[in-house]
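Below are structures written as structure tokens.
Both complexes shown next keep subunit A, but they swap its partner, so subunit B is in the first and subunit C is in the second.
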Partner chain A sequence: MTGVVRQISLDEWDRQYESLQRAGARRPGYVGPLGRHVQDGDRGLVRLRFDNSPAALRLWNFLLTEEDRLRQARTEGKKIVGAMKDLGTVPVMAYSLDNVVAFYPDGAWWIPCVMELSAGLLGIADSLGIDESFCPVRAMLGAFVTEAHFPIPDLLSCSVGATCDDFSAIAQRLNGLGYPIFWWEIPHRRSPEPGETAIELPGGFVAPQSQIEFVKSELQRVAAALEELAGQSLDEAKLAVGIERANQVRDCLAELRLLAFTAEVCPIPALEMLIAEMLTIHFCSDQNESLAVLQELLEEVKSRVAAGVGLLGPDAARIFWVNPVADLQVMNLLEECGARICGTEYLFSHALDKIPEDVPPLEALAQTALADPMVGSAADRARRICADIRRFGAEAVLVSRIPGASHCALEGEVIRQVVADELDIAVLEIEVPPLTDSMCPALMTRLQALVETVRERRKK
Partner chain B sequence: MICAGIDAGSRTIKAMLMDADTKEVIGWGLSDQGVEQDTLASALLDRVRKSRRIGRKDIRRIVATGYGRNAVSVADTTVTEITCHAVGVRHLVPEAMTVVDIGGEDSKLLRLDGGGKVRDFAMNDRCAAGTGRFLEVVAERLGIELESLGKVAAESRNPAVISSMCVVFAETEIIGLLAAGKAREDIVAGVQAAIATRVAAMAGRNVDVPILFTGGVALIPGMDVALQNALGRSVTVSPDPQLTGALGAAILACDQLCGGKI
Partner chain C sequence: MGKIVYTCPYVPAEWVAAHGLVPSRVMVRTAGTSPAVGPKEGVCPYVRGFVDEVMSRNDVSGIVMTTVCDQMRRAFDIVVGRSKLPAFLMNVPNTWRSVAAQRLYVDELRRLSRFLVGLGGSAVSNGELAKVMLDYDTARSSLLAKRELMSGRQFAEMVAAFNMDGPGAVSANVAGCSAAPRGVPLAAVGGPMMAEDLDMFDVIEESGGRIVLDATESGERGICQRFDRRSIGDDPVTELAEAYFGGIQDASRRPNSGLYQWLKQHFEERGVRGVVLHRYVWCDMWHAELARLREWTDLPVLDVGVTGDCEADKHRAANQIGAFLEMLQ
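Moving on, here comes the complex of A and B:
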């Protein structure tokens, strides 16, 4: 376990890395000083503060070297799938094949933050008519045009229908640029009508069997496209193994989340937890290694919890965070303001839930896909948030709105109202664009006020 | 024992001195905000205490609030304006359930519990719509003194509809309205209604009464009525609305001093 738990700067990490090297610590090949990524253009990392454990160093390096793994996969003759929007389902299928890797081009939405706009991706999207009235995920368009951030996938899939309007528009523009997309439809999740068979989905949502059958048929089409790409069959046995492996990652993260969110003293910063959660979506292009990375992080957290050490004191305000932030440094503000993360809903909670293993694989994946918080109503989503707040003991909710994102226009108020009705705790909405430097004082005020409100309400 | 509250707002700085034993206000002052925020706040505090013949060492605790609070080096600690406005209103109108604060650069809506503590709050985003800055832009464009806006708006017979929620676009819209011959008073009244609508949107479905209106914009005649119309509830302008934040900060300074939090 790390001695004193701290958040440290990039420079401090690089000095600490040298010490680790001198001490002879053996690390996987991709682990190196974080400063090298700044030299590669990720200069936004300088603004962040990082957990000081070797486990966190491995986590960050694993994340920041994904492009290398994808390019290596291409060199090795593997097929690359660019899964878009479904956030968690197609990669499970892709990794069931031994010659396929999958990633989410959607992840390019963090490039403007990490590279401080230097890559010009948003400008390219602007020039393609996808301007700032769209979600920052439009940076993905620029990444395809420059071909500088990931290899162009051999197959692009995208779920559409009851997903984000912005993303559909952006993906359609991409298709129009000459990147053919395999579209598959996800319907708006609805409650079963009288007489319909109701199926409980992972995460507690309910949908009619007919919707699951429909999604299953769509996933059968996805499976066929993957088979054609890979030149091998994707049968039930392979899918079952793929699901089992995905669940190992999800189980590990579930344990990590429970410990991190419920420990008396915050054992790990919000930023590292966000990155850890991201790994379950697509395994950062290496399923086995993503599990190893999470297991090391879990061991670190377990040690800290056992020793009662961590960041801040036990009186830190316990915040439930809704939606991912376009600027990662905002996660650091949480601890700076005296708060800690106690629950999250980053729009991919269905990628964290265990995939059922007691039903046929495609049905299980259909159930998981339909449990996507974005394909149901905001009120549905809010009720799941309430259930998780109760589970993790959060004292307030922070909804970080994504500028331009169509789903963000009204969901904050719906979530606020449902949380107020069910739990009567404070809900704060903030807006987080890809670069928040000039807004940090205003964001700090809001977060500090939330912390003050939580502390004042404890005095009842 | 004397304590002080300093509200370093975006347009003005307010300072208040309070007797920690009696919670009686013993002096206050106000000055324009500027680049040298720390110097200005310190100078204001000196001016207020000297007018009351109080030495610097007699002030036992200072709490700063407002957007420039972190720049106030004489302060012992800082508290956000959300908490300070709630505390200030609780002191003045204990039964208040909602506080609407509209300042120069931001606006906020606080929901209080029965005891005057903040239950929940909402603040405007980066956009200046729904803030005093909107009124400043309009006053400048129409060639009206800011202080006279309320008087001008009161003469309106047919308030203009300002559809833009962005100050920049609204300014363009105002130019269009002027070109179309719309009366200045109708434009001002329309802007007041637009600001009130923006603020009311933060209230969501429910807003509990009594509603207290604080902040510098509350001083502009007609804004309370515009807010009342937008919220569909009676709105009361807080006594000395511009000073509520400083009052809350002073009370918190007294509480901290007496509660041994120093």
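Moving on, here comes the complex of A and C:
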């Protein structure tokens, strides 16, 4: 375990890295000083504060070297799938094949933050008619055009239907620019009607069997496209093994989340937990290594919890965070204000839930896809948030609006109402653009007000 | 008879009418102002207007909304939460090329049928459905046949009247149309228009233009394709689905290549010389099409963004349209 748990700057990490090297620590080949990524253009990293454990160093390096792995995979003759929007379903299928890697092009939405806009991706999106009235995921368009951030996939899939209009429109724009896209439909999840067979989905939502059948048929089309790409069959046995492997990652993350969110003292910062959750969506282009990275992080957290050490004190305000932030720095701000994360719903809870292993694989994946909190009603999503708040003991909710996102304008009020009705705890809504530097004082003030509200309520 | 209100063109009026209920596809009058949908920022003015409109009416038995647009899908939550009216959310797939998507649309029609029966509608029979389809088809044909004799506003209002009140509204009104406006032939393209937006057509005509193609959702583009009358008798449900789901081309479809084929055909047929894209701020679907439309066509394209602030929108649009037509004349 790391000695004193604290968050350190990039410079401090680089000095600490040298010490680790001198001490002869053996690390995977992709682990190096974080400063090298700044030299490569990720200059936004200097604004962040990082957990000081070697496990966190490995996590960050793993995240920041994904492009290298994708290019290596191409060199090795593997096929590359860009799985857009579904957040955790198509990648499980792709990694069931031994000559396919999948990644998540939507992840390019963090490039403007990490590269402090220097990559010019938002400017390219602007020039293509996708301006700042769209979600920051529009950076993805620029990443495709420049080909500088990931190799162009051999197959691009995109789920549409009950998804946000921003992404659907941006994907269509990409398609219009000449990138073929395999579209598949995810219907709006609805409640079963009288006489319909109701199935409980991973995470607790319920859907009619007919919708599961429909999604299953869509995933069969996806499977056929993957088979054609890979030149090999994607049968039930392979899918079952793929699901089992994905569940190992999800199990590990579930244990990590439970410990991180419920320990008396916060054992790991919010930012590293956000990155850890992100790994489960598409495994950062290496499923086995993503498991190893998470396992090391889990061991670190276990040892910290056992020793009763961590960040902040036991009186830190316990916050449930809704939606991912476009500027990672904001996760640091939360801790600076005296709060910690005790529960999250970053739009992809379904990618964290265990995939059923007691039903045929495609049916299990269809259930998982339909469990996406964003394909159902905002009220459903809010009720799941409430259930997780109870489970993790959060004292307030922070809804972070994504600028321009079609869902954010309408869901905040619904979430606020449901949380108020069920739990009577404070809900704060903030908006987080890709770069918040100029807004930091105002954001801090709002976060501090939330922390104060939590503390006041404790006195009652 | 109970009135069923909706605004999405993929909800077939014939299906509602065949259940013995009154379909009424509303043309939203104005951008909504009620606090029901929360802050205005980020919310499409049309969605706000629709929520306000349906929640303020007392002559309605049920509301049908669809999943075609994400904000409308989410507004359904608000309507259900704040209104006592029975409401139904119909899944309309964005994909359209697979048999499964087409089947899902038909399945959703059948689910809608159960909702309508629950509101007091009668079970639908093929015979009744076929009869209703023929009535609507005839009315639509006569409406479209008179299009050239109408101004942009007259045509849009006639379509709105047909959508709101059914075939009777057409036969009562088309006879009086005889004055075809002149001017530079333009196409209006975009999502649905609110009644207050129709001023744009007046401005176009006052500035020397003429709408020869209303390719907005509330215009010709939002009208289903003609039925194959031979098929109606055999399998009216399939024919209905084909005419609506297969026949209405929209920016939301994935891929939306069909929209561009439809536009190409109509631009050529009508001799369109310029395009006015009417879109609401925060409507990502149509906003994203603006740049593509400009790349795709050699015609000049004018972007008219509507915020829902009627007076400001009107002045801005008038200036834009005036300059646009000056260039084209």
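By our rule, the second predicted complex is superposed on the first by the 460 of 460 C-alpha atoms of A that agree within 3 Å, B and C clash if a C-alpha of one lies under 4 Å from a C-alpha of the other, contacts with A are read in each partner's own complex, and residues count from 1 in each chain.
Rule of thumb we're sticking to: a residue touches a chain if its C-beta (ideal position, glycine included) is under 8 Å from a C-beta of that chain, and two chains touch if they have at least 3 such contacts.
Remember, predicted model here, so these are calculated numbers, not experimental data.
Applying the stated contact rule after C-alpha superposition, one finds that A:417 touches each of subunit B and subunit C.
Contact with subunit C, but none with subunit B, is seen for A:214 once the two complexes are overlaid on the shared chain.
Judged by the touch definition given at the top, the superposed model places A:265 against neither subunit B nor subunit C. Touch counts on subunit A: comparing subunit C and subunit B, the chain ahead is C. Touch criterion met: A:426 reaches subunit B, while subunit C stays clear of it. When the shared chain is aligned, no partner comes close enough to touch A:305: not subunit B, not subunit C.
Once chain A of one complex is fitted onto chain A of the other, the partner contacts of A:185 are limited to subunit C, with no touch recorded for subunit B.
Look at A:170: by the touch rule set out above, it reaches subunit C but stays clear of subunit B. By the touch criterion stated above, A:162 is placed in contact with subunit C alone, subunit B being left untouched.
Under the contact criterion defined above, the residues of subunit A that touch both subunit B in one complex and subunit C in the other are 413, 417.
Residues 413, 416-417, 420, 424, 426-429, 431, 439, 441-442, 445-446, 448-449, 452-453, 456-457, 459 of subunit A are the ones touching subunit B in the complex. The part of subunit A that touches subunit C in the complex is made up of residues 128-130, 133-134, 158, 160-166, 168-173, 175-176, 181, 183-185, 187-188, 190, 193, 210, 214, 217-218, 221, 377-379, 401, 404-414, 417.
Within the complex formed with subunit A, the subunit C residues making contact are 37-39, 41-43, 67, 69-71, 73-78, 81, 89, 91, 93-95, 98, 100-101, 104, 107, 111, 114, 251-252, 254-256, 281-285, 287-292, 294-295.
Across the complex, subunit A is touched by residues 67, 70, 79-83, 106, 113, 117-123, 125-126, 204-205 of subunit B.
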